[in-house]
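Just passing along the structure, written as structure tokens.
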Amino acid sequence: MNADSSRGIDFHQPIPLNYSYNRPGSIPGTITTIDRAVPSEITLIDYNQDRHQYATNLTPEECAEHLDTSSVSWVDVCGLGDRSTLEKLGRVFNLHPLVLENIANVPQRPKLEDYQDQLVIITQMANFTPQNQGFWLEQVSFVLGKNYLLTVQEEPQTDCFDPVRDRLRLNRGIIRQQRADYLTYALWDTIIDGYFPVLEVYGEKIELLEEEVLKQPTATTLAEIHRLRRELLALRRAIWPQRDMLNILIRDGHPLIDKSVLHYLKDCYDHTIQIIDTIEVYRELASGLMDVYLSAVSNKMNEVMKLLAVISTIFIPLSFIAGVYGMNFNTEVSPWNMPELDWYWGYTLCLAVMLAIALSLIIYFWRLGWLSNISK
Amino acid sequence: MNADSSRGIDFHQPIPLNYSYNRPGSIPGTITTIDRAVPSEITLIDYNQDRHQYATNLTPEECAEHLDTSSVSWVDVCGLGDRSTLEKLGRVFNLHPLVLENIANVPQRPKLEDYQDQLVIITQMANFTPQNQGFWLEQVSFVLGKNYLLTVQEEPQTDCFDPVRDRLRLNRGIIRQQRADYLTYALWDTIIDGYFPVLEVYGEKIELLEEEVLKQPTATTLAEIHRLRRELLALRRAIWPQRDMLNILIRDGHPLIDKSVLHYLKDCYDHTIQIIDTIEVYRELASGLMDVYLSAVSNKMNEVMKLLAVISTIFIPLSFIAGVYGMNFNTEVSPWNMPELDWYWGYTLCLAVMLAIALSLIIYFWRLGWLSNISK
Amino acid sequence: MNADSSRGIDFHQPIPLNYSYNRPGSIPGTITTIDRAVPSEITLIDYNQDRHQYATNLTPEECAEHLDTSSVSWVDVCGLGDRSTLEKLGRVFNLHPLVLENIANVPQRPKLEDYQDQLVIITQMANFTPQNQGFWLEQVSFVLGKNYLLTVQEEPQTDCFDPVRDRLRLNRGIIRQQRADYLTYALWDTIIDGYFPVLEVYGEKIELLEEEVLKQPTATTLAEIHRLRRELLALRRAIWPQRDMLNILIRDGHPLIDKSVLHYLKDCYDHTIQIIDTIEVYRELASGLMDVYLSAVSNKMNEVMKLLAVISTIFIPLSFIAGVYGMNFNTEVSPWNMPELDWYWGYTLCLAVMLAIALSLIIYFWRLGWLSNISK
Amino acid sequence: MNADSSRGIDFHQPIPLNYSYNRPGSIPGTITTIDRAVPSEITLIDYNQDRHQYATNLTPEECAEHLDTSSVSWVDVCGLGDRSTLEKLGRVFNLHPLVLENIANVPQRPKLEDYQDQLVIITQMANFTPQNQGFWLEQVSFVLGKNYLLTVQEEPQTDCFDPVRDRLRLNRGIIRQQRADYLTYALWDTIIDGYFPVLEVYGEKIELLEEEVLKQPTATTLAEIHRLRRELLALRRAIWPQRDMLNILIRDGHPLIDKSVLHYLKDCYDHTIQIIDTIEVYRELASGLMDVYLSAVSNKMNEVMKLLAVISTIFIPLSFIAGVYGMNFNTEVSPWNMPELDWYWGYTLCLAVMLAIALSLIIYFWRLGWLSNISK
Amino acid sequence: MNADSSRGIDFHQPIPLNYSYNRPGSIPGTITTIDRAVPSEITLIDYNQDRHQYATNLTPEECAEHLDTSSVSWVDVCGLGDRSTLEKLGRVFNLHPLVLENIANVPQRPKLEDYQDQLVIITQMANFTPQNQGFWLEQVSFVLGKNYLLTVQEEPQTDCFDPVRDRLRLNRGIIRQQRADYLTYALWDTIIDGYFPVLEVYGEKIELLEEEVLKQPTATTLAEIHRLRRELLALRRAIWPQRDMLNILIRDGHPLIDKSVLHYLKDCYDHTIQIIDTIEVYRELASGLMDVYLSAVSNKMNEVMKLLAVISTIFIPLSFIAGVYGMNFNTEVSPWNMPELDWYWGYTLCLAVMLAIALSLIIYFWRLGWLSNISK
């Protein structure tokens, strides 16, 4: 199933920079998400070291019975679907109204909320657009309980979590020996690592723009640089709060997260630092590109002006001379009226003077170094 | 009743950036607000879980008897009216002179003041201008006591608090089961959520400007960008201190605010963060727009210069040739005086040379890529 | 008495940005102030709740006897006068040499110094220049002791403290019931509130410049913007440390300042925040103005270039055609030599071709939108 | 052996700004480094005050027996070689999978990780490119244990650590009397001091660019400035986290690092401060250079425009006059048709008028100061 | 003796921005200073309240005997001389190798190092260049012991400390009653106060540049502004760490520094704040100057373009008309061929039309306000 069709994402539109909000004055916990064409798809993976059970197309009520078992239950809700499903989920998982509001009214700024027996983590996932030319951000919410993890994805099934599902199914690594907190780490780590390939694309974009801006700056280049800055702003805004959230978790710990998992979260935190670090460098480069662009345009204009000045400066005096000898003063009424016209060498002399003027001007410009620049 | 007429807000004027102040050296607590044409309208809502009483057009003295009852009394003063009413209010609610000064001399920077048995909160509310093209800021002051909440709005009744009044009247949500602290939250939350639709308008403005600046930059665009930056500054200035105030309340708590309400204030605080976050992104975009504008203007000038240079460079040499053969040297006195004029193919040759020059220059410019840019 | 004449302030000069300093290596406490033409004028106000005594033209020694009385003694030294008076003051008030140095060698950066039994506060007062077009800064130093307050003003009597003197004389407000700490607050508050009207003037200046920069940017505008930025820098530098000083006093308290007065200082602190807040906004606007200026100048140049390009592009080809038919090729030696000259409709055709070229170019420019811009 | 050939570093390519990352969702600890053409070369130096043993071309297993001896064992792995060697190393040194991932997947952001009995330090070494025109960054990882130090260099043997090897071999200084912690300091100090000569090269580059930008700004200069800024960003990014790491070590200490060594690390820390300080200054200068460049280009264009304006303004009116007297009005049909043509002094007068116009314009431009600028 | 000759300081060279460093990998404590032409000159002043002994041209060994006496011994080493003298000094004063390295390898970033019984202070002194047009920085290192102070100056005797020497000799102020800690203060204060006159020169430079940039911006102005920014960066870099050092000393105290001296250091700290404050203001002004410069150049170009446009726009149509009537169409073959040439009022009419066109264009430009600007 294609994510685009479900919400009609227009990839030519700039990434939205507003957050979602309720009508001012509405009751806290109000869900204002519009009902989607595609209903939520609820998948359950129930596992422990020995067992791995996979069920799909569940209703919220069917999930309820798995929550109190000692095995780890991962309930994955793909797509926000309709309001009633979300409200049922809220009842089954006993979610605070404000939590449900944050899960349903997307996009929210990533945040961490601690409700004694539940840890709520709101994150943003960076997905590539179909032709890999940009990215779009999808909210993924985690509700971590004692034996279960609820994840709610803004859009219907896209494949970002598949490597983790495979690790669960095939019992690769240590994931099956661990609890829901490790699963939370594994999924969040997948989300965060997903920013790296996006950054790589932007790194290449910057290099292309650097070349273009110096060689052939056009109005399109300008629009590209501005768009790049805008998208880097959006990326930074999505990853920055996740860094803070990880930092708080590592610094303060949480009863639902085992100490051994904190070490993995530390690695995850390092990755957010690397991502932010790279984004900041890209932002500085993009900002520098704008300066370079302006300078390059000025440079080009300089060349144009030089050409105009050289041609004009050479021919204007010559044309003047030609104009003088095109005057119709009557040579017959006075020996002082344009006697040059009747000289034997008049024309030749005239051309010689013109040539002399032209040559001296050319030498002058050559010395100023203007001629070499133009021919370039 | 229309807010504009009461103070004659001129929506074509830029938003004022000064704060109100007393004449230097005046006695602390002096009220310098000018008497308004429209008197303050005092409304009382007295409620508990079972009861809801609404009274309007009260005098300050009539409010006094409600303050000590166990039910929650919300005294809402709409419009600053005249000085004497304010002073009476001060006596009835036992306000410190400096508090009264802050309530009356608008605008003040939002602030939080703690007077043992009263918590004073000065906020700024963002209202849309009539045609939704901009916003104006209105000071709303809260005085939270044990069983009462006094709110003072700068302008006579506008409808921003109506959803809360409805929730009180219709007993929607949990508001009637809660005390004055929850009411304070509900109203403040309404004020803060009111910044979101304003931001949305500015987000659209930025997108329009982005398009305009790249396609058709004019002096009006420039003025628009500058005005946008100015208004974002004003917005930031209004919301930033409110974030700090919420942070202090959440961090330190307050005897008048119940712990359960702090959780709601936390949500409110998250909203201020989202608003500030968005404002900062808009400010960066607006700042980038100015760079883009300058570059786009340079770009346009470049095109103009190229056209001028191409036309001049092609025709100036040709005109010179025509000028040469317009000279009146006497061909009869010398065979060296412009013999070309008498050649059989003279004119044809002359035109051919001109054509050759023109063509070679056109090819030269085409290779430089100047012709394609101009035709664009 | 006029302040200007006493030190010959030149209001056309930019505000000095250097601080005063002693010759490197000189003994700590050296007074390097030059002797002024106008001697210091020492005034004493000795008051308590019941009594108000005013004496003027005192010598430092005459003040001494009032210092140990239980009533509050305000010794106000107006003008730095000559060195010997200052040294006498130092002896009478038992000032540390470094304190005397800071009082006498103006200007100093505002600072707070704690000498067990004395609290020294160095502030900067913003006064309007005669025509209210700008401001100049005057250092006012406070030495707060147990029962006395010494204030030293850089310049002879200007009227900034008169409202406080009136409140003392007429026993308005609570000032006569309070001690020297409240008097310090009252005077300092007067100084700080004096920045508000100055800011108001700058707010208006910015609005005028905003209009000017978009409509008629000239070199004078540029100089005005630069001057504005410089003066805002000077203002910020004067108020910023005063905010820090108030913050330290409120946070840490001081034995010489009563707790009830701290509340008033908090209000004073809020005012410094408002002032700094406004200055920062003005600085951002002024900085944006520079960008707008550059863009507006580029815009104007663009218009000029367009006019030049339009006129040149239209007439240069026409002139070339006219030039061609002004050539003197001998039509008699060859039927190929400018036969057009002898055609019956030659001239008419020639004009028609010219008209056609001109019209098509005009249509071309009209489509590019260049003509509308020029006519504007 | 040449470092370049081994990974085909292209020194004309800009320095990569991305960090290495695993495919999102892969198992923590996955090594994704590609197998290199050149296998890792493992060298062991085993020393104490009396003994110095050097062995090369070891296998990871051969190193194992040295780790538990009381002498200090420095195992130096040059080049990342193939995956299996790295995995063997991980087993021999008992490395946490995440540590191995950080060592193998280069480049990582420098970081410090504390595993009770091992201290892991990831650093970046700045090496000169062959012609000393730039630098490339190589990751060097330290694993400090009780009696051993494992270093893993990204590239096969380059000579940066040779001075330390010599000090060990020749027993210079106090290095042989110290433990593995001092060795770690000595090597890290060598890495950090290696940034100084790189900075020196950039200092010289900036001075060359400063001269070039003022005298002969070309598009190449622009590209150079942008490249410089990019490379300074890369340098800052490599050294900044190393400063933080040193700061944490000095502030908190570590059981594996003796107190006496902390003093040396403090010196090392001071060097990182000096390096960062210098980079920041260079960055500010480079950023200023861009402004200067733009201004210089504008300046040059100004000169070109002035020349064009001077020549055009002088000759255009003159050409017009010549054009007027080149008109063919029939002087015979009317005494008002160009009678000047038949005047005795007509031509002379005409030339005189032209000369007068030209001279007065030249004087006008000379007064404006335009002529002096052009001749420059 | 002249400081310049000793190290051949070239005052036309920009101030070096690199710090000194040892070859990477060299033994900690290595002295890499080159041997100077001029040997170090060691001076001793041994004093207490009653006694003042001055000795010059001592060897390090001769100083040793004074160190343990109860009087204060100030050993002043002027010039770094040769390596052996420095090493002897290290032995006599029992300096840690890293301290000696910092003293000898100049320049170092100012820093504070605490070796139990010695406090090492590395500072930078700002000296004027001979013609007072700029400054150069000289490292002065302090080693404060119990009864002695060792100062090492980078260059041979310059007179900056003379006022302190005079105060010691003539027993002025309280310096002879104090210990080595007060002497350290007195000297360091002299160094810091030495930045004030340098700043004063830069303040004047900025004012000159402000005038120049608005009136007559040239390429030299541009170079001056860039140089100014560079030098302010160098100044800030020298004073900033000294502020931090003073702050640490005041905050934490030190066993070798008496509490009464801390008060004087506080004054010294205030001076560093004033200096940094002023530098920051200057830096903002210099940065603003660059904007003003660019705007002023654009402004000038605008004027040039306007002149060109006015002249061209007026004369190009006129020349075209003249060109038309210079065409040689044969008026005899057709009545439609330029009949105007044979009209009685033809020429007069033609001139009248030209005049009308010229006048209407002049009026048009006058209305646009272009003419007034040019004449300026």
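Chains: A, B, C, D and E, in written order; residue numbering restarts at 1 for each.
The rule is simple: a contact is a pair of C-beta atoms (placed from the backbone, for glycine too) under 8 Å apart; a residue touches a chain by one contact, two chains touch by 3 or more.
Just so it is clear, the structure is predicted and the values come from calculations on it, not from any experiment.
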- Task: Compare the two sides of the chain B and chain C interface and say whether they are made mostly of the same residue numbers, over half shared, or of different ones.
- Result: different
- Item | Angular offset of chain B relative to chain E [C-alpha, multiple of 5 degrees] | 145
- chain C and chain D, separation of their C-alpha mean positions in angstrom: 41
- Note on the structure: Here the gap between chain C and chain E, centre to centre from mean Cα coordinates and rounded to Å, is 26
- Task: Specify, in ascending order, the residues of chain B that touch 2 or more different other chains.
- Result: 294, 298, 301, 305, 308, 312, 316, 319, 323, 326-328, 338
- Message: Which category does the touching pattern between chains fall into here: line, ring, star, complete, or other?
- Response: ring
- Item | Order around the closed ring of chains, commencing at chain A, then chain B | A, B, C, E, D
- Interface residues, chain D side, partner chain E - complex: 160-164, 167, 172-173, 186, 189-191, 193-194, 196-197, 199-200, 203, 207, 210, 214, 263-264, 267, 270-271, 273-274, 277-278, 281-282, 284-285, 288-289, 291-292, 294-296, 298-299, 301-302, 305-306, 308-309, 312-313, 316-317, 319-320, 323-324, 326-330, 333-334, 336-338, 369-370, 373
- Sites on chain A touched by chain B in the complex: 14, 16-19, 21-28, 98, 108-109, 111, 216, 218-219, 222-223, 226, 229-230, 233-234, 237, 290, 293-294, 297-298, 300-301, 304-305, 307-308, 311-312, 315-316, 318-319, 322-323, 325-328, 331, 338, 340-348, 350-351
